[in-house]
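Consider the two complexes below, in which chain A is the common component and chain B and chain C are the respective partners.
After this line comes the complex of A and B, so read on.
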C-alpha cells in the first residue's frame, strides 16, 4: 500500500519527463537516421498498412521498407572537418568559460559567505535574473562595441586613437558566458562555503601549511560538492550556448548550437540538425559522467590509500 | 621533546571600540602547564590567538625563548593549538589528519607512518586510524586533535577550552589524560579555560583574567587561598564577603565591625589602618556549623562565633552546603561528610546554629579608596 503512494507522488514528474524529455529525444534520435525533405522535415511514408503487414507475418517486407528509409547521411556529414572544428571551438569556449567562472566565483562566494552583509550581496548576485538574457547580451554590445563604453573611455583618455575590436571574437563570447554563468556558480558555491567551518583554515595554518596549501588541501576538498555543482551549472549551459555566440561571436566563434539552428532553419536539414543535437547531448552526458565518476573514484582511492597505509602500520 | 619559555610582554589589543587586552604580561616557564582562567569575554581567547598568530596585537611583544615571534605567520611559530571545536579536517581520515603537518613538511611516507602511529598509539586510537572524524565520539575527536597538535613537536602547545564540548564525566577523564601527556612529553602547555576546577586541578600556575587584564598569577593554592582581590576570590570557588570598618589592630590580626555580626577578626596580610572600609572574605569550607556552642582552648579572641538560623541546605553527597541567616546577612558554610550519618547531630532546616571560624582564615580583598 505504502509503495503505491510513492508511485503516485512521482507520477507528475515522471509524466513531465516522459513527454517533454524522453519522447523528444526519441524523436530527435529517429529523425537523425531519416532522409531530409527539401523544405524541412523528413521523408516519412509509414502508414497503418505497414503495421498490419507486420502483424500478418510479412516481417521481411516490413523491415526492408524500414531499411529503405534509413540513412547515415547525417552522421557522415558530421565527420566533415568544418563541423569537427566547430565541436573543438565549442569545447574550448565552454571549458574556458567554466574555468574563468570558477576562478571568479570561488573568491566571490567566499567573500559573501564571510561578509556581515551576505543577504544584500546575495541579492546583488540575483539581480541580473530580473532582466532578460538577450537584453543583458545587448548591454554587453553597447559596452564592448567599437562605439561602446570601453572604447569611448580609452579614446577620450588618449590611450588609443582607433577603437579596439572587442566584439565578434572567442574572447568576447567567453567573457559574456562567464558573466551569465556567474550567478549559477556563485549560488551553489555560497551555500557550501556558508556551511564550511572556517576554523579549519586556522587549524591548517597552525599545523604548518601556507595560505596556498591551506586552499588546496583544506578549503577546496571541503567545498567539493559546491565546486562540482558550479562546474556542471556552468559547463552544461555553456556547451549548448546559442544566443551569446550568435550576437557576440564572429565566424571563428561559431558553436554547435548555432550550427544546429542554421541547419534547422536556413538549410532545412532536419536529420543533420537532429544528429548534431544528439552528438551534443552525448558529449555533455559523457563529459558529466566521466567528471562525476572520476571524482568519486578519487575519493574512494584516497580512502583505500589510507587503509593500506594503516594496515602496514599495524603490521 | 623540549618546551620553551614563552614571554608575553605588554600586549594590548582592541576590536572596534572595545579594549580586549590591556597591557598583558606573562612569563611562562619551559615545561609548565600554565592556565589562563577567566569568564567568557575576558580576552583569554584573544590572548591565545595572538600567541598562535591569528591576531596581531596593537602593541607589545611575544617571545619564544629569545625569539620575538610576532612577525612570523602562524605556520612558522613552532606553536600548535588544540581548538575548542577540535577543527579536525572532515575530508581526511584520522590517520591523514595526524599526518597533515608531516605531509606539509614533506617527510617520507615511512617517516610519516612511524610518527603518526607513534602518536596515535599515545592517544590509543590505532584501531580507528581509517575512520573519518564524523564517525568518532567527542572524546576520540579530542584525542585526534591532541595527536595532530603534538606530531609536529611544537615547543608550546596551546589548548583553547579543549574540554568544553565533552560531558562532565569524560571531561574529568580527559583532564587526567592531558595531565599525563604533559608529564610524559614535558613541553610547555598553555591551557585556556573558564572552568576553575579544571584550572586548579592540573595547572602548575594560573593567571586569572578579567576585562582584558591579568588580575593575579600564582600557583593554584595561592590563587585559591589568598586571592589578591574580590573578583578572584569570587571567581575561583565560592566564598563569603563581609564589609565593615576596621576598629582595631592587634599583632597579626585586625578586627572589623560588620553590621549585624559584631566584631570579626581577620588575618593581616596587607597593611590596613583603623577606620578603613574593607571587604573581607572567608571560604565556606573554613567555616564550621554546629548546634552546640563551640568551646575553645587558648585565646577565644582568635575565633569568630556567630549565631543564626539555617535558611537552606543543599545536600551534594560528599558535602552539604548550609546557608545560615545572621541578621540580614547570609553566610555559606560547607561541611564535609566524613562519616556516614554519625559525624554529629544532624542539622535541619530553620534550626538555630552556631557558625564559627578562625580569624586567620579571613582576610582583606578590598580596601576602599585603594
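After this line comes the complex of A and C, so read on.
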C-alpha cells in the first residue's frame, strides 16, 4: 500500500513537469531538425493516412516520409560566420564579466568577512539582489546614458562638450553584467571565506612568506570551492542573458539569447531558433557539468591531501 | 563596491531629472495617470499568487513523495526536476512559446500562469525536500504504528511540521514570479502584461522619470517586505 501511495503523491508533479516542460523541450529538439515553412512554423506533412500505412505494414513508406521532413539545414546555418561571431561575442562578454566579477568579489567578501559590521554589509549586498533586474539595468541607463548622471557632471564641469556614448557597447554590457552578478558571487565566496582559518595567514607570514605569496599560495587555494561556485553563478547566467544585452548592448554586442529571440519572432525561423537554443543549452550543460566535477574533484583531493598529511606525520 | 553603486543610483532614482528641481510631480504621475501600469501590476500579483499556490501544492506533494517513497518513475522525476534550473530561461521561454503555438493556444494570462508555475515547481520542490530531509521519520512511523491512516498521517503530522518550509517555498515562488522577465516576455499575449514586462516597454520607449519613481517605490517596497518578513518569522518562532 505504501508503494502505491508514493505514486499518487508524485503524480501531479510528474504530469505537470512532463507536459509543460519536458514535452516542449523535446519539441524544440525535434523542430531543430525540421524544415522551415514560409510564414513561420515548420513543414509538417503528416496525416492520419500515414499512421494507417504504418499499421498496415508499410513501414518503409512511413519512415521515408519521416525522413523527408528531417534536415540539418538549421544546423548548417549555424556554421555561418555571423552566428559564430555572436557565439564569440557571447563567450567573450561572459568570460570578461566573470573575470571582473571575481576581481571585485574576492576582496569584497574578504573585507566583509573580516569586518565587524558583517551583517550590515551583507544586507547592503543582498538588497540590490532583491530588486528587479530591469530596475537595476535601468539604473545604469540613467547613470551612463547620454543625458545621464555621469555625462551631466562631466558637461557641467566643462570637461567635455558633447556627451560621451557610454551605453550600447560591449563594455557597457560587461559592466552591467558584473554589477548584476556581484551578489551571486559575493555570497558563496563570503560563506567559504567565513569558514577559512585566518590564523593560517598569520602562520605563513611568520614563516617568512611575503604578503603576495601568502595570498596566492595559502588563501586562494583554500577558498577554491567558493571561487568555483562564484564562477558558476556568474558565467552560466551571463551566457544566457537576454535583457542586459537587449537594453544596454549595441549592434556589436548581440548575444546568443538575443539572436534566438530575433530568429523566432522577427524572422519566424523556428528550426533555426530551436537549433540555437539547443546549442545554448548544450554549452550551459557542459559548463555546469565541468564546474560540478571540478568542485567535487577538488574537495576529494583536499580531503585526500589532509589524510595523506595526517598519515605521514603519524606513521 | 555594491555599496557605492547602490548609493549613487538610489540618489539618482529620483524626483526629477536634470535638476529641474525637487518635485513630487512624477510620483503623482505614477499614482494617478498610469492605469496601464497598475493593470500590469494587478496581473503580476494575480499570476504570482496563483502560480505560487499551485506550485507550492504540487511541489509539496511531490517533495513528500520523493523523500519518503519509492516509485517507478523516481529517477525520471529527479532528472526532470533538475532541468528547469539548468536550462537557460530563454530556452524555456521559447520552448513554451512553440508549444503553445503548436497547440493553437491563445497567449494570455493563462499561458503566463502555466509558465510561471512550471518554473516555480522545481524551486519549491528543492526547498521542501531539503526541509523534509531534516525530519525525523520515526515520528511519522510512530503515527502509522499508532494506527493512523495515510490521510491522517499526512494532515496531522507531516504538514504541520513542514509549514516553515512550505512558507519559504511559497515566498520564493512569489518572488520569482513577480520578478520574472525573460520567460514571461515570450509567453505573454497582447493585453496581458505583467509589471516587469511593462517596465521593460517603458524603458524601451524612452527615459521617463516615472520609471525612476516606480524604481524607488519598488525598492522601498522590497526593503519593507524584507524587514517585515524577518519580524514575522520572529513572531512565528515565539509561538
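Keep in mind that, in the parts below, the second predicted complex is superposed on the first by the 248 of 315 C-alpha atoms of A that agree within 3 Å, B and C clash if a C-alpha of one lies under 4 Å from a C-alpha of the other, contacts with A are read in each partner's own complex, and residues count from 1 in each chain.
Operating definition for what follows: a contact is a pair of C-beta atoms (placed from the backbone, for glycine too) under 8 Å apart; a residue touches a chain by one contact, two chains touch by 3 or more.
Owing to the predicted nature of the structure, the values given are computational and were not obtained by experimental measurement.
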Touched partner set for A:213, first chain B, second chain C, both or neither: first
Touched chain A residues, chain B compared with chain C: C
Which of chain B and chain C A:204 touches, first, second, both or neither: first
Chain B versus chain C as contact partner of A:88, first or second or both or neither: neither
Partner chain in contact with A:104 - chain B first, chain C second, else both or neither: second
Interfacial residue positions of chain A with respect to chain B in the complex: 197, 199-200, 202-210, 213, 217-218, 221-222, 224, 303, 306-307, 309-310, 312-314
Partner chain A, residues of chain C touching it in the complex: 1-3, 5-6, 8-9, 12-13, 17-18, 57-59, 61-62, 64-66, 68-73, 76-77, 80-81, 83-84, 86-92, 94-99, 101-102, 114-115, 117-118, 121, 125, 150, 175, 179, 181-182, 186, 196, 199-200, 203-204, 207, 211-212, 214-215, 218-219, 222-223, 226
Parts of chain B lying in touch with chain A, wherever the complex brings them together: 52-54, 73-75, 79-81, 83, 85, 87-91, 93, 95-96, 100-101, 104-105, 109, 113, 116-117, 126, 129-130, 148-149, 152
Of chain A, residues touching chain C in the complex: 1-3, 5-10, 12-14, 16-18, 20-25, 27-28, 31, 41, 104, 108, 121, 124-125, 127-128, 130-135, 137-143, 145, 147, 149, 152, 179, 182-183, 186, 239-240, 242-243, 247, 257, 260-261, 264, 270, 273-274, 277-278, 280-281, 284-285, 288
